[in-house]
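My structure is below; once you've seen it, I'll send some questions.
Letters A, B, C and D mark the chains as written, and numbering starts fresh at 1 in each.
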Amino acid sequence: MQHAKPLPSLFAQRYHGWKATTHADNAAWYRRLANEGQRPKAMVIACCDSRVHVTSIFGADSGEFFIHRNIANLVPPYEPDGAQHGTSAAIEFAVTALKVPHLMIVGHSKCGGVQGCLDMCSGKAPALEETSSFVGRWMDLLRPGYERVKDTFPEDQQAPALEKEAVLVSLENLMTFPFVREAVEARTLSLHGLWTEIGEGDLEYYDSIERRFLPV
Amino acid sequence: MQHAKPLPSLFAQRYHGWKATTHADNAAWYRRLANEGQRPKAMVIACCDSRVHVTSIFGADSGEFFIHRNIANLVPPYEPDGAQHGTSAAIEFAVTALKVPHLMIVGHSKCGGVQGCLDMCSGKAPALEETSSFVGRWMDLLRPGYERVKDTFPEDQQAPALEKEAVLVSLENLMTFPFVREAVEARTLSLHGLWTEIGEGDLEYYDSIERRFLPV
Amino acid sequence: MQHAKPLPSLFAQRYHGWKATTHADNAAWYRRLANEGQRPKAMVIACCDSRVHVTSIFGADSGEFFIHRNIANLVPPYEPDGAQHGTSAAIEFAVTALKVPHLMIVGHSKCGGVQGCLDMCSGKAPALEETSSFVGRWMDLLRPGYERVKDTFPEDQQAPALEKEAVLVSLENLMTFPFVREAVEARTLSLHGLWTEIGEGDLEYYDSIERRFLPV
Amino acid sequence: MQHAKPLPSLFAQRYHGWKATTHADNAAWYRRLANEGQRPKAMVIACCDSRVHVTSIFGADSGEFFIHRNIANLVPPYEPDGAQHGTSAAIEFAVTALKVPHLMIVGHSKCGGVQGCLDMCSGKAPALEETSSFVGRWMDLLRPGYERVKDTFPEDQQAPALEKEAVLVSLENLMTFPFVREAVEARTLSLHGLWTEIGEGDLEYYDSIERRFLPV
């Protein structure tokens, strides 16, 4: 790989600072984690967005969260077709090998992926409709959510509504995975739907009795 | 979604602590990030492994890193076939919409996904060969790396060697994406290959002149 | 300007080294900062002293800190009299145009400006009392701090006490600027008082509940 | 000061990293600097702009540069009127007390202060003309530069031309200070005019023979 560049010095400096403080203070614990293997408390599926910082929000230490991050925190339906499904592989590993007790889907406000889906489905972003658009094809997963939102909310409320639908669609798709359904029914796994407002730092969870998101 | 449960109280408590401290101390900055949009310095592609904590290692604040995490930090080759490629969608968004100046692939020691690939390719894990195995099919991406490692390293050194190959395979595949290649050639994007030893907290980068990993 | 000389070769050499390494490694990011404008996380007001290196202490990258440095890190009171107030102009630009979320006053040990103020106010430096002394007139800003220190601390502790008073006087004067007060009250700006011991590298912050400086 | 807040945790973490690495590696030197006093190689007058990073550009260590930063790197003319001139105090301290051998004025591209001056002088920014505008009154210092630029350059080249005039006006005003003129004439102080293009990282110096800026 002739194109790889060294680490920029700013990141190198910060790394050395981390090594001399956080790592030095916790070296014994990190060595145990390395030697004995991870045993995370939860799998988290969150968006790639740089403003969503799940380890910070939940005060998670090294070893606590098995984290998959993709555009708009989406889970595709179960499709064992031999294709390369990165999200499904991560869920399979977390649930069948690591046997995580919790799986949290974390959506968020101002999500660029969800906005793209809204634009695409409402005809405002024809480029996203093209076969070659990876973002467009990925956001196809959220079309069922758009169908539920488009006639229910006025236009200016559709984005946050669709962000929450992204969490619900993912929770629904999770249950189509046999190993997820089995673990949920055996009560060895519980699922959680969350949405965070990134400016104010608010956090809501999906309440399956009230059938809506409520403040944590 | 009748299966979703409320947030476990441990996480809820930590969240309220974060809101009252870190968020309160930085509320004005978080609001600006929310209103004005993200402008991350780098995209990071790292493993889901709970012991890999890239924001901590690099002292990254909210808004600095656009992060995609999947099993074994892999990038598939460019395949604009209309299928749902989560990793490719994340890269496309980061490079074409956010125009990140740096893209770092971060591999790590004791990687369960890489170990699975090693077991599968050496005939020790037939279950991973099945069509229905999401982890197995995902790790197929690393088979070219296994071919380069199997006759070069003694068996007990193959796992770390393959972990580093996972970084190189991803860097190679990145360059098959036209928009990545263009940005690299226009010098608006630089690629970086990194590998961290999670017990000792060591960090190595791929040096493209020496053609091997060297300590940062 | 016939008196200007070329850059000394030592600095020219270092500059070329920086251009070939740090700039080359971050060129895409620097270009974006140039084209899209700065969005700093904080304004820092620090002393000109060569031993105070705030970007280093806080690991700040290009683009992160809007920095004003003057003798003894002082902020004058709000005086919209049409005179040329460099410090007030910098604060006005940072708060009203850049809308920085944090403003940090950073004092330090062994401050020559503060020592001059102490000498002047205790009658040991008559030259500083002269109208034509720019340093003396600038340090007049700290006379209210000297009044609080002179009878409270023994002579050998007055210098560090007055260095910390310089931070507090500046914080007080900041609040006399209407646009600072409004931003603080609207919670879009937070103020921080810091003092660093330059030999040991210790850092203290002013705790407004305990009403004294405490280690960070 | 009831309004002061603690240091945000991100900066506190980075500080602790710096203390454990950069400071620990140089503690003996920092202690000597603290005990024996600073002896800087140069005074630098640069802009507050977060994208101008003079210690980085010149590879300056702690103790090397006595730095004054204000909006648009301006030096007012000598006016010993008893008013509080922060810039003049910094120059007086550097030249008469520290006896720095070099004094560098560092201008830069995309300067918001210079752009404000251009807008104000060409009638596009009436708010900056008000008595109460600290930025406007500060930028009055650059009006002589505008007079030289306005009829000489087409409109789209006036901003960089005025940025360079800001360096020249400052060099001219420096020579109105008796202690600066004496030191220059005694050859114990040399003055340097520099301008950096912040995107490309280019650096130019004012050549007093060719009477224009040339690449370093």
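Observations on the structure shown:
Heads up, the rule we're going with is that a contact is a pair of C-beta atoms (placed from the backbone, for glycine too) under 8 Å apart; a residue touches a chain by one contact, two chains touch by 3 or more.
None of the values given here were measured: they were computed from a predicted structure.
Of all chains in the assembly, those touching chain A and also chain C are B, D. When chain B is fitted to chain D on its Cα atoms, the angle of the rotation, on a 0 to 180 scale and to the nearest 5, is 120 degrees. More inter-chain C-beta contacts link the pair A-B than the other of B-C and A-B. Set against the Cα centre of chain A, the chain with the most distant centre is D. Both copies, chain C and chain D, contribute mostly matching positions to the interface they share, with over half of the numbers common to the two.
Chain B and chain C, compared by their mean Cα positions, are separated by 40 Å. Chain centres here are Cα averages; for chain A and chain B they lie 14 Å apart.
Annotation for chain C: residues touching 2 or more other chains are 22, 25-27, 31, 59, 61, 102, 190. For chain A in complex with chain B, the touching residues are 1-8, 11-12, 14-19, 22-23, 27, 30-31, 33-35, 37-38, 40, 42-43, 48-51, 53, 55-60, 62-71, 74, 76, 80-94, 97, 102, 104, 109-110, 112-113, 131-135, 137-141, 168, 171-172, 175, 184, 190-194, 197-201, 203, 205-208, 216. The touching residues of chain C, when paired with chain A in their complex, are 21-22, 25-26, 59, 61.
The touching residues of chain D, counted against chain A in their complex, run 13-14, 16-18, 20-22, 24.
Chain A contributes residues 5-6, 8-10, 13-14, 17 to its touches with chain C in the complex.
Taken together, the chain C residues at the contact with chain B in this complex read 25-29, 31-32, 36, 39, 41, 59, 61, 99, 101-102, 187-190.
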